[in-house]
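Heads up, there are several structures right after this.
Okay, so subunit A shows up in both of these, paired with subunit B first and subunit C after.
Let's look at the complex of A and B:
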């Protein structure tokens, strides 16, 4: 067990290390001098040299990498010249918004996938099953940004029951004291249910837009797994004990059907946490995805570099959690 | 054993001598390729405490019959007609809620493949206790656990109390089948349907499992339907035998009589196909010629006629489906679905 955890940890570190090298080299192989981007095309040669000194560009590549990584671990993620802010400060503002949105998208996708997969397979009605499959294909085929636009047009413009883009919380509501930056979480900690409801209201449409694709995929996966499991002899044995069909389904079929879905769910979750460019753009969501795109367009590569490392860390963490969950839900892996 | 007697309504509430009574049971599988009647209008009674063997080739409808008795036929299969009376109660007229009080309590199932018959993510103890607690509302988990441990002890699993917390994958095939038996006897049912309980096990384990099973059911007087294609197990374990072919019971008799004097040509072929050492050494194993007919396209007459050594080509066998008739005299009397049964039995007895 200890051995497994250690080798797991080592593997994770190697993955993050690899990502950091790619992020680092990415900045060096791009044409143009990063210092020149900072000082501008009209600056003198001396000013350029001084800026290169300040950015450490006169050092050898391994030295630069070492310096970058040690600074990164110590919390100095570089300076975003485009925004005039340290990168860490920018991430502190933007990352929680993306993680919160990603979390609710996943929640939406997973909950509804479980419900629809149950509905599709429980009674084995061909019509119901075909409908669920159609919904799943629709979810997978719909481009998220397009769905985002439609949701906005319908529920904000036409019906007016959901707030429009640009905010995470209504201006008329006092934001809860910031602890994590996840407004719904902070509101709950502060016991401010009005703020929670309001933030949830703002999260709803973007979460649905972002979650629809993983929802479609998970429905498909879970439905197939459930069909497989319900054909297993042990389901018949459970029924022969007198256990009703519903209990058999939820207590025996569902836990078994989750096992093969876990890896895919982890990947989807990690991806959602890393933010989404197009949906964040449509909803003008102040998340990390839109920040990274803006930074790329501004050639503000310190931000991009940090983003690559942060998303690698998110993937590694989520995968570690998934591995642990496997141990929890599948006793065959525990030993 | 009386297949022809009509079910009398008066026997309903009385705990009579008959544990299970099946009347005109018909189960069909509706697939894209047609309708497959896996069980075709089967009727029989089982005496309380009797151990009945049902034998036949793969695809003869044995398993479908077992599941039909428990009411657990799954789509695309469904029971289309007939009655199944357990202790006089018609299970076919019950709704799912009432059935769930009968299954696991008055009748239970032992499944063929112990490797896939237990939920892999639940402990063995949980799976036994689930059955106990479901039928004993108000029993504490502590008591259910004690009872589960006693059951594991009954099926001769060592360290029963500790093994309750093990998962199925930590047991061998034989041990899992013992767990299955423990689940099946958990609520002391009147009827256990065992569908090929030892087929997936090696021969030594088979014998041990059967010994345990036989000891438990004999001591409690449980009625057993043992479904198997292994005639050796039938000879050892069963009091009576039904031979199934193409969804029908084609012969029913006591085990002793059926081995002494098979009445149906199919039974005779089955018995002949049991390998004997001296024949095996000569490299000559007997097998029933041909293949079982497709259930979707049964011959118009006797369904065994195309493979029958006695009746193939006979006009009556080809055109007329044989009904069940009483054949043989005195102790060798039995029900056979064969036009030639009386004639063949007389000839055999005369020899």
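Let's look at the complex of A and C:
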């Protein structure tokens, strides 16, 4: 068991290391001198050289990489010249909003995917099944930023039942004392249910827009796996022992069909953080996605590089957690 | 085509309504893309300031945008761009990813390991961000956007083809070919590669949707296709600022086009997999 965990962690480190090297090399081989972007096109040659010294660009590539990574681990993530702020400060301001949005869209995708997949396969009603499959195909085919637009048009502009873009909490409501930066969580800790409901209200539309694609994918996956499992002989055995259809389904078919869904869920959850970019733009959500897109467009690569490493770490961590969850679901994997 | 296979094809179409409808949708989109300028002779770039922001009507089936351009004409041009670039991305990605998977699966050992760790590292990137960074780095524009998206899709092909190759390599018919004296090149090209084609095609069909959506996403943030070229993602961006003041049609129609194209290809990919794979649930051939 310890051996398995260690080799898993080692593999994770290799993936993060690889991603950081690719990010680093990629941003170095790009045409254009990063120091030139900082000092501007009119600066003298001396000023350029001095800036290159300050940014460490005169060193060899391995030295630069070593410096960047050791600084990164020590908490110095570089300086964003576009925003005039250290990268770490920007991330601290914006990452919680994105993680919160990602969490709720994942919750939406996962819960509804499980419910719909159960409805589609339970007792095999063809019409219900076809409807669920159609919903799943549409969910996967919708561009998230377009769905965000439609949701805004329908629920904000036409019906007026959900708030518009730009905020995480109404201005009239006092934000809960900041602990984690996740407004809904902080509100619950402070026992402020009015703030919780309000923040949830603001989160709802962007979470649905962001969660629709993973939702469609998970429904499809879980439905296919459930169908496969219910064709297995052991399900017939369980039924012939007199166990009712619902219990057979929830206790015997579902856990067996769940492993691939769990794997996919892990990848999806990790990807949601990077994928929120476009939805954040439509909803003007003050998260990391819109910051990264703006930084890419401004060629402010310190932010992009840090984002790539952070998402690689999140991706690897989530997948490691998923691997450990296998054992919870499937006793055969425990040893 | 032989009459028999045509008949078989017609039988499959009759038995699979969703497949038929999806093929029809793609056919309609392809016709609009290729013959659009003939069927609806409006210039997608022609500005008409007397007809700005008109809702859909008989003279403008999808309405007009903020400078009076006909959205139906722009929709058709957008279909041409999205579908052809999507196809180009999928074909180049499948060839590159397939080659990597093939080399990795055949060589094995350290080389295989290194290639697969490289693919893992690319997968650990958020794909859209990587595609955007590549696009900006190479100077922006439609071609670089297509290249960036292609790059992010390569690992998906490579991993799948690698596992296919490893499986096929162990099958008795390959052993038989070796015994019969076939050289490595002949075994790879004549005995292994043909068996990976169906996997590659199905994966390509599945990734077509991703490619089209990613291209629109890059257009949406202002990379890739540049204004005034009517690419669907760019059109949705243009519609965004008018959506909240009631002019919904500018952004809605290109999104519907994307939805139709992606949903149709994913249904086709699913169905073809079911029909080709005899263990599949809906095998009918």
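Note that the second predicted complex is superposed on the first by the 333 of 335 C-alpha atoms of A that agree within 3 Å, B and C clash if a C-alpha of one lies under 4 Å from a C-alpha of the other, contacts with A are read in each partner's own complex, and residues count from 1 in each chain.
Here is the rule we go by: a contact is a pair of C-beta atoms (placed from the backbone, for glycine too) under 8 Å apart; a residue touches a chain by one contact, two chains touch by 3 or more.
Quantities reported herein were computed from a predicted structural model and do not represent experimental measurements.
After superposition onto subunit A, the partners subunit B and subunit C occupy separate space and fit alongside each other. The superposition places the C-alpha centres of subunit B and subunit C at an angle of 80 degrees about the C-alpha centre of subunit A, rounded in steps of 10.
Greater residue coverage of subunit A by touch, when subunit B is weighed against subunit C, goes to C. Once the two complexes are laid over each other on the shared chain, residue contacts for A:82 go to neither subunit B nor subunit C.
After overlaying the two complexes on the shared chain, residue contacts for A:211 are found with neither subunit B nor subunit C. When the two complexes are overlaid on their common chain A, residue A:297 makes contact with subunit C while staying clear of subunit B.
When the shared chain is aligned, no partner comes close enough to touch A:266: not subunit B, not subunit C.
Touch criterion not met for A:96: it reaches neither subunit B nor subunit C.
Taking the two complexes aligned on chain A, the least Cα distance separating subunit B from subunit C is 11 Å.
Touching of subunit A by both subunit B and subunit C, each in its own complex, is seen for no residue at all. For subunit A in complex with subunit B, the residues that touch the partner chain are 124, 232-234, 236-245, 252, 255-256, 259, 329-332, 335.
Looking at the complex, you find that subunit C touches subunit A at residues 117-118, 120-122, 124-130, 132-134, 136-137, 139, 209, 213, 216-217, 220-223, 233, 236, 239-240, 243-246, 248, 251-252, 254-255, 258-263, 266-267, 281. On the side of subunit A, the complex with subunit C involves touching residues 14-16, 18-19, 21-23, 26-27, 30-31, 137-138, 140-143, 145-147, 149-150, 152-153, 156-157, 164, 227-228, 271, 273-275, 277-278, 281-282, 292-293, 296-297, 299, 304, 307-308, 311-312, 315-316. Every residue of subunit B that touches subunit A in the complex is listed here, in rising order: 67, 70, 72, 74-75, 96-97, 100-105, 108-109, 111-113, 116-123, 127, 130-131, 134-135, 167, 169-170, 180, 183, 186.
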